[in-house]
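I've put the structures underneath this note.
Each of the two complexes below includes chain A, the first together with chain B, the second together with chain C.
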Partner chain A sequence: MPDVSLPTRMHKIRGLLSLPRSSRTVPILLLLILVAVPLITPSRSMLNLLTEIFIMGIFAMSYDILLGYTGIVSFGHALFFGTGAYMTGLIFARTGPKLGYLFLAIGGGILLVTVMALIIGYLSLRLKDVYYAMITLAFAELFFIIAEKWRSVTNGADGFSFNVPAVLQDRVVYYYVSLVLLALIVVFLRRFIESPTGKVLQAIRENEKRAEFLGYDVLKFKLISNVIAGVVASFAGVAWALQQRFVSTGVMTVDKTIDALLMTTIGGTGTLYGALLGSGITGMAKNWLSELAKVHPIFERWYIIFGLLYIGIVLFFPGGILGTLMRIRSTKNKPSVTISAGD
Partner chain B sequence: MDTFVNLTLNGLATGMMIFLVASGLSLIFGLMGVLNFAHGSIFMAGAYSGVWAYSKTQSFTLALLAGMAVGIVVGYLAELTTVRRVYGKPVAQVLITTGLMLVLNEVLKAVFGPNIIAVSVPPLLAGSWDLGGIIIVKYRIFTIIVGLVVAVAGHFILTRTRIGMIVRAGVQNQEMVQVLAINIRRTFSLVFVSGAALAALGGIMMAPALGAVNPNMGLENQMLAFIVVVIGGMGSFVGSALGGILVGLAGAYTAWVFPEASLAVNVILMAIVLLLKPNGLFGMGGGRNA
Partner chain C sequence: MAEPIIRTQDLTIMFGGHTAVDHVNLDIMPNKFVSIIGPNGAGKTTFFNLLSGQFFPTSGRILFKGHDVTDIPAHLRTRLGMGRNFQISNIFPDLTVLENVRLAVQARSGIHYQILRHHRKYSRFSDQAMALLESVKLSGKAAQPSRFLAHGEKRKLEIAIILALEPEVLLLDEPTAGMAVEEVPAILELLARLKTDKRTILLVEHKIDMVMSLSDTLVVLANGRLLAQGNPRQIMENEQVQAAYLGGIAP
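Showing the complex of A and B:
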């Protein structure tokens, strides 16, 4: 792996961008700033927006495990997000707003998502990578249709609202809850990708045949990746449902998956933090552009701009924003915070 | 018995309709191995512009031509600007064509508006014949005929003509064909554009059968088309036609027995085929990851 030489090279090139050398400093600084936000601004809409960015960031990071670390494109990731959200919504709507039921939702979500990820993964990952994209899409659509038609339970596209435990109703409290969840998941996913299993996944991404010849059971590792990504996505779904206190089939749509795809690609794949950055940019841009839509209806079609930006990034900046910044810093083709930190 | 015959006829017509949508994907994905996620958008571009042309001219022939022309133009532009850069890179293909899909869908909404546009079957093809309980809808027969023509012509061109031979050889070994002084890039462009034209044809054929066009029809039909190509097998034009018929028939029978499951039956059918024969029913063996 060429990554070994990264620290030495980084040493040579003195801060074109004065980012700290240690990959831990920036995240911790950022975390401290985010902890301070509710103390500085009383704006509820700002807190809500940031909470949404955190949750979608978790979702996008889980997507990065597939796209950035395993090298496979899923179009059905919203299925896992939606399962978490529906699990939470249905359990709270049918029982009562007690904190204990939340763990039931999380546990049930993990169980269900694991089973689904294994079945869908087994069907699709044995085949060429492109099949994975379409087969995940087909299954996500299947469950979307079930959610749409099974109106007695889900109330279809109209959705249903429910009460959440009193503790979680306070916006400031929930801001911190989602921030803590985000931090925990960052730590967990970094541990995962730095683990031997994570290294094998990256080897598969770089050269699948070679990994296979080295004796690794590629299918098994891809299935692990699929399950981990699915479970983390279901956590994001749970957190989303708790924030919105409302679930409809919107949580299962392809658009949700494409959102994660856009966030990860724009921010930078294979870095985890890139997915977070992408979530921040997308969240802010959506907020800002939908304000502009009131000025002129052309901004309702803002996805055109996003799509073009995205195509440009895929064609000319495959590392996304974060990857490109890091390349400028280290004049290296495929740097990644995670690998250099792990060695 | 009448019910059975009616269901079979409906299933056949639906199957041929699905095949028309899938035929373009069968070329682009099944043969060239490019997973074009913008396929549904090109299909939709054909449907919308065809419907627009039909409402302006009242001529279904002109609508078909206009739809296909738009498909060709969009396909050519897509190939020229983006798809050309990612031949042989599957993940990049999926990513880039997804971007194309997003942009195209929004452009379509900006041009034709985000609402459902109703469209009726042309008078010549409207109505049905009643043969003692067996009802034959004229437009369905028309669909079956068009589908058969496309299937036979496509199969003939791919297997019996020089250009078809070059395409198949180029898929097998691009460099070798290049060495023989054949511009394989241009041939691939031609295949991509032909696939786009077929997608657009599928779109404008589908519009009167559905009774309306809507901005969600692209992805739905693209998925159906993909399922058909997977079931039929990669690289087999006839396989896609049979896959389409299989999906159409399965859908029609389930809709009669258990309507709620008719949408799920496609995905289940695909799952079964993938479990038993990962290369599809008539595939050339390109599917399995080896």
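Showing the complex of A and C:
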């Protein structure tokens, strides 16, 4: 009798923990479509737009690690994005457009961002909620001002342009490069949030005190979250600089962080894919609305329209688009879940 | 005589001018069921918060298994062998019931910083968590988000979480607080079952009749001071206690 019941019980537990199988089909299908896009359309602007969406999607996903998975609101996340972008820009501007220097930019970015994330995190992550958000705002402004004033290096808000290796200048090649980067980061971040450490982050988001009284060192976990989110954001910054071939203090602004915050909230926090969806919607809407400017000048102020869209989503879909969809699906499945768990 | 598992020496905490816990010297012997009772505002929960590391004392010391833990943060006290619940249910509301317990099992196992392996690879954590849920009769709700549980079930879930930590000392702060009358017997039965195991249980309780039969020792706090301690009968007969706490209830 026991040798029958134990495996069944274990099987039941596995069943309870595993996600519906379709959670993998959608991303893979989407990836295949995206791989095919350059074969279907030769439109340069389309490829550029998608590349931008991928890169901002990486940035937004890194923000979701903080906001959606650890439950911390940061206004200084662009700091890490900007560090990656400046690292790339400065190295290429001062040396030459050789591929080897790219690895220097990536490696240097990882190192610098890790140190920054640890120091800033150590100084600020002890504070809770609003106070933490305020400290990150202060750090963001501090680094923005440094970048602004240190004109001999950064050329301030005017920025500077630089050449990138010839192979990366090809739009189709760079489209695939950024798509591969995106896919790798999705795999890595999914792995991370499903790891024992990632699960503890979600526990901290839910109830910091309880996590602490389970014996988890909350500050250390928040630091890990901050470093991983920071490093991923710096990758996005590197990719961004390579696409734009231009860096200015714009990459460091609080606006940039707010962009990631909006994308994550629109798509759905704590879902990872929601951040990507948010990046897609934001990118498409921006593009579409600025094209409508030819029809009527009001659309030049696309940010206003976007603001209305954002308010609508926050009011009517508090879980974001993906979050709301998932909730609908889980309520639909609920009776079957209860039965399978109850018997 | 055995060494006390917890010893407080002149334990004191002041909030502004108010002394919430006032020079408490208390020895808790291992493998006993000790209940701390006292009127509202006696400092019971504050005393608990000092023991578990949520507050740090103004003066005095706390010894746990002979070691001075006065300045040790809460998460390390948990790892040393203290497990506590809270008067207001303290769970992870959006995570499933099973995940709530699984996280505690994982914490106990010491797998904290592992970022590249899938958590489901550690299937023994889930199995152990499921077994604990069965022991508090919640296994049927394992897949639900824990916020959907009834109040009494949340308290049971909390107990399962603490048991997963395999603590030497269980610190339970009013496990029946805010509970419907019909839910109380299930918790009492659970507490009675916990008692049979080899562990020290320290319970804070407001309702004295509830803990009478369960406790080996009663500790009475009043106005932050240790008023009396002894077995339930001694406490009931103690005139000081009757005056300060039981008032008109006892004859």
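The criterion applied here is as follows: the second predicted complex is superposed on the first by the 296 of 343 C-alpha atoms of A that agree within 3 Å, B and C clash if a C-alpha of one lies under 4 Å from a C-alpha of the other, contacts with A are read in each partner's own complex, and residues count from 1 in each chain.
Everything that follows uses one rule, which is that contacts are C-beta pairs under 8 Å (C-beta built on N, C-alpha and C of every residue); 3 or more make two chains touch, one makes a residue touch a chain.
Note that the structure is predicted; figures quoted are calculated from it, not measured.
Peer 1: With both complexes overlaid on chain A, does A:Phe160 touch chain B (first), chain C (second), both or neither?
Peer 2: Neither chain B nor chain C is touched by A:Phe160.
Peer 1: Name the contact category of A:Phe246: first (chain B only), second (chain C only), both, or neither.
Peer 2: Touch status of A:Phe246: no partner.
Peer 1: Check whether A:Lys149 is in contact with chain B, with chain C, with both or with neither, and answer first, second, both or neither.
Peer 2: First partner only.
Peer 1: What is the contact status of A:Tyr176 with respect to chain B (first) and chain C (second): first, second, both, or neither?
Peer 2: Neither partner.
Peer 1: Based on the superposed arrangement, let me know which partner A:Glu141 touches: chain B (first), chain C (second), both, or neither?
Peer 2: A:Glu141: touches chain B, not chain C.
Peer 1: Would you check which partner chain A:Ile258 touches, where first means chain B only, second means chain C only, and both and neither mean what they say?
Peer 2: In the superposed model, A:Ile258 contacts chain B only, not chain C.
Peer 1: Using the superposition described at the top, list the residues of chain A that contact chain B and also contact chain C.
Peer 2: None.
Peer 1: So in the complex, which bits of chain B are touching chain A?
Peer 2: 29, 33, 35, 37, 82, 85, 90-96, 98-100, 102-103, 105-107, 109-110, 219-220, 223, 226-227, 230, 260, 263-264, 266-267, 270-271, 274-275, 278, 286-289
Peer 1: Touching residues of chain A toward chain C in the complex: what are they?
Peer 2: Listed in rising order, the residues of chain A that touch chain C are 9-10, 13-14, 16-18, 191-192, 194-200, 202-203, 206-207, 209-218, 220-221, 224, 228, 337-338, 340-342.
Peer 1: What residues of chain A sit close enough to touch chain B in their complex?
Peer 2: 71-73, 123-131, 133-135, 137-139, 141-142, 145-146, 149, 254, 258, 261, 265, 298, 301, 303-304, 306-308, 310-311, 314-315, 318
Peer 1: Across the complex, what residues on chain C touch chain A?
Peer 2: Spelled out, the residues of chain C in touch with chain A are 52, 54, 74-76, 78-79, 83-84, 86, 90-96, 98-99, 102-104, 106-108, 111-120, 122-123, 126-127, 130, 140-144, 161, 165.
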